[in-house]
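Order as written gives the chain letters A, B, C and D; numbering starts at 1 within each chain.
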Amino acid sequence: MSTDPILKVEDVQVSFPTGGLGRRSSILGVAGVSFEVHPGETFALVGESGSGKTTLARAVNGLQPISEGAITFEGQRIDTLDRRSMKPVRRRMSMMFQDPVGSLSPRMTVGDLVTEPFRIHGVEGRNLREEAARLLTLVGLPVDFVGRFPHQLSGGQARRVGVARAIALDPALIIADEPTAGLDVSVQGEVLNLLNDLRERLGLAMMIITHNLHVVHHVADRTAVMYLGRFMEAGNTEDVFGAPQHPYSAALLSANPEPDPDKVHDRITLPAEVPSLLARPRGCEFHTRCPWVRDNCRSEPPVRHHENGRTVACHFPLEPGARPPVAETSPA
Amino acid sequence: MSEVVSNPPGRVAEIWRPIRKILREPLGALGLFLVLLVIFGAVFADFLTSYDPTRINPRARFQGPGAEHLLGTDQLGRDLFARVLHGGRIALYVALVSTAVSLAIGIVLGLIAGYGPRWLDNLMILLFDAMKSFPTVMLALALVTLMGPSLTAVMVVVILVTVPGYARIIRTQTIALKSSEYVTAAQSMGASSARILRVHILPNVIGPLVILASMDIPVVIGIEAGMSFLGLGVRPPTPSWGSILNDGFTGIRDSAWIAIAGGVPIIITTLGFTFLGETLRDVFDPRLKGR
Amino acid sequence: MLTYFVKRLGLAAVIVSVAMFLLFCMIYLIPGDPASVALGPRATEEMRAALREKMGLNQPVILQFWNFYVGAWTGDLGEEVLSGRPVMTVVLEQLPFTLALIAGGITWSVALGIPLGCWAAVSRGSTADRIVGILSVAVIAVPSFVIAIYALLIFAVQLRWLPAIGAGEPGNLGDQLTHLILPSLAVGLGWVGYIARMVRASMLEVLEASHIRTARAFGLPDRMITYRYALSIAILPTVTLLGVGIGQMLSSAVFAEIVFARPGVGKLVYDAILTRNFPVVTGTVLVTTVLFVLLNLVADLIIGALDPRVRSSF
Amino acid sequence: MTTLAINNLNVTFSTEAGPLHALKNVTFDIPENRIVGIVGESGCGKSTLINAILGLLADNGTVDDGSILFEGADELTTLSASRMRDLRGPRISTVFQDPMGALNPVISVGRQMINIQYRSDLSKEEKTQRAIDMLELVRIPDARAALGRYPHQFSGGMKQRIAIAMALMMEPALLIADEPTTALDATLEVTTIELLKDLQQEIGCSVMFISHHLGVIAELCDDVVVMYAGEVVERGTTRQIFQNPRHPYTARLLECDPARQSERTRHLPTIPGEIPDLRARPPGCIFANRCHRVQPACTAPPPDAVIVDGHIARCFVANEPTEVGGIA
């Protein structure tokens, strides 16, 4: 971590208004999150649906106003910028959205789609036809795709068009929301490899939002695990995967079926379902489902432990290989 | 919305393909034929008959259809065939002009309501709903009483009645598209609101609306004919299908041919436009079925 | 359910208020002055001034609107220009005839439209489906007053099966119903088409839904799937459509009442225009608007009662 | 005994652009009391296969050839509509992918569960009790009250469990599960799989489990059928398929799953190319255009090579040594 971070997120909260007339209140979609992304690095946000990972990504990209905290990008505070002053920032930070085909405007050709950033930012002195050809080649699509429409593309091809558009203006950071969603296993690798090649060749930083833990394991340098809008655990991917310290990360990792019929599943089963954001649990957010829950988890929010670039929000961080206490007491 | 990079291939083929698709459907072919027939009659009215539609001939009153007067004459001895042809001009003029104006206003208001701030949307929706809560003919009667019967009054009524519907459709679709991933993607690239509306939203909402509006043309023709039937549309000597029908209705027991001369063109035109509109919709936007 | 009802009622009141405001704006903005309209071209300047004074047209605009607004909510719609009777009384006298006509129109459209739509949906692609489709489109396309005149011409003038004019002898229900058949058919025929199409389209959509596939996969009988699983959902947009349809039927009723020389608000407003009785015109517009909004509210409440999702979202 | 025996099944859809051969010479068995996984990527014909078994093929689809024999007695491809309806539900039942849309939104859960038992002679109270028992079996809290509620009042995971309860209520001989966990989060997915496995053992039915998720298949299934572009390219026991894949497609598909790479790698394996247009099937091997072991012989239709009894791969080189694992 010797370099300056390209993106610095400090105690960011995002709140959504709820309720109608008379009983106006709000819920926290993101409840105080801090992290940094450094040049050339891939940072992954992992969580299940409703964890707030997409909201956080949209907040970083300036699509979602934040209610607390600060977002600094390339040394500039960006959460306070208005739309006009945000525009130059958008040349340096591009975002890819979940649906490979749905994130492409249906009545525009591939050529128009990949060169749209040039038109939006009024980039002068470039031949758009040549740019389109250059970008398509870069992402491994045939140049004659310029005339095609999104509905004529397969999921993988559409995803490549999205990548081409994201790198068009040589950004410093790409935010990819579920880059492998809706893609077959045999195509997922292509997209991830492409993103990784581009990251190495162009020296980009990347922020990947996903629920797919296997993908994270291979592509991310650092990983943060989100639950109900908060980081449960963050750190180097290999550390988190090797020895999760937060019960939720441990459960999530153990819940990951592996394609090996002889694998003995030593699983941590979580009782109950994810609580609604409308009724955020007191104390530790995870206590309603935590197999290791103790009394003060129910009343006191946990302090974050920082150690060797690793953060855990838990009163009682797990030792490597820890098993739920229920399993110990049950007859073997 | 091809801007710079690619050119759509084969312009001529682009025009012919939809027409061929319509002709393949029997109902579409019939609709197209009827519509062309009405347009032909209206455009070439002066060549198709030598009678002046407004000339009164006391010696030729109440003549039934025959060789001299193809569709007969009315209570003032005016040739009904000439009146029907010229009435077609009025009907088409009102229908096309007011629908076009409504569409333009409806699109602008709908985009503003759909993409603008929340309070403006709520206000506009309230106005649209209030506007639509007047029964059409009641509102028309009230307005015409004030403005006096005229073609302009009819067109104002049509526009007031149809704009809220168009605006609502555009608004609903704009709101749906506003949260679509490709619009969010454009925002994330820094596109201005004007560009998003022009490049990403308008091309995707306008097609269905134009088809729906084309299906409203028979409704507009009905409003014009209805107002003229009540004596609140075009002023008396000018022929309109509605006023011919009224002339026929007055003497329906003795001279039914006048009512037939006034009503059949209305039926032909409304059926023609409806069949054509239905086929257009089925061919180009099957999702709209049942609206 | 109660909060749902209260919310919908409040919204209806707001819409009626805005409609009143719009109506007032139109009257105020459109060139032409209600007093001159009422008195006709031969009136002297003094007469006009006197009537303007009486109708309150010399007051500031805001005050005029306020009087109009408060009056309307309290049932005071002004007085008839000539007889001086309260407009509200006159309108309410005529309203039952129009309501009967619309009820007749709804009966036609529901009784024919829903079964035809179901039949077409279940036998999709068959000749029956195509015929129902073409007929629906045709009756929708042709304006209701043309249907009214031709129905009169064929069934009353030529075939003499049914009476041509009037609403029937007061007190004689059978006679009144016979007099209702043709006018209500003219009002409702187009809506037979609308309803049939809507039922067909939403049936087809629902039959494609995955829960219907699940029901099929459980081997439920076709009749149960069609009528209990699919129609109970497909009927919902039809109820909304019918709510909207009532407004158009009110419009058609004007023509039907004139063509069949029936009493009713349509005939009332038409005669009022010919006699330049302007307060009656605005009064009738307001009453019918409120009626329309209320009936739409009823449609919404029916939806709320039929659809548990709507019920719990409020 | 075999619960379901599919032999040489061929299904074609007529489309505007010509006939689409969606299933070609599909053969496999679902033995009694076993869970058979069907694996394949998009366009492999999984949904067509389900619809063909259930007799719910779209109007433009026809079974050209082959047979689907259920419990050795009923030939599903030629069965009358009424007999088919009698089988669906009590003997063959289904859980579909989308938990949100699988239940009727305007009918209460209890009513739907009682409707399914319409053939049964039980009294209304007994039917209600049966519904409550089933909901308790799939761990729906407060089952009696749940009967009165509507689907939108349950979470996605609960809806899927209710769907499973409905599917197993009549104790069918065959349960078809079409990607039942795909729409669920990882933690819910594993609990649902474990639940399904428990219920299968308790009721003793056969399960046809369709999924694109290799991990789920490996954990749950006894046998695996690998499909590609409407053909069964390989089938065998789960161990045979996962530990000794003989068809190049199976081998590459397994490699592509990032979960198979226990070593962290920056470069993930892929299968280049696209699935061929099923309206213009190549005469030879369907996978030839993407295969890394393609040979001149592959332009002819490949045989169903038997590796060991019950392990079959539709490939010319299935019995040759491979670079991954295998004999070498």
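By definition in this document, contacts are C-beta pairs under 8 Å (C-beta built on N, C-alpha and C of every residue); 3 or more make two chains touch, one makes a residue touch a chain.
What you are looking at is a predicted structure, and each value in this text was computed from that prediction instead of being measured.
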item: Maximum inter-chain contact count - chain pair; value: B-C
item: Whole-Å separation of chain centres (CA-atom averages), chain B against chain D; value: 53
item: Overall pattern in which the protein chains touch one another (line/ring/star/complete/other); value: ring
item: Contact pairs between chains, per stated definition; value: A-B, A-D, B-C, C-D
item: Touching residues on chain A, where the partner in the complex is chain B; value: 61-63, 86-87, 90-91, 94-99, 102-109, 111-112, 115-117, 119-121, 128-129, 132, 146-147, 162, 165
item: Chain B residues within the chain A interface of the complex; value: 1-6, 9, 180-192, 195, 199-200, 203-204
item: Chain A contact footprint on chain D (complex, rising order); value: 41-42, 155, 157-158, 185-191, 193-194, 212-219, 238-239, 242-243, 252-254, 256-261, 264-272, 274
item: Of chain C, residues touching chain D in the complex; value: 125, 209-222, 224, 228-229, 232-233, 306-309, 312
item: Complex contact set, residues of chain D against chain C; value: 54, 56, 59, 84-90, 93-94, 96, 98, 101-108, 115-116, 118, 150, 152-153, 163, 166-167, 176
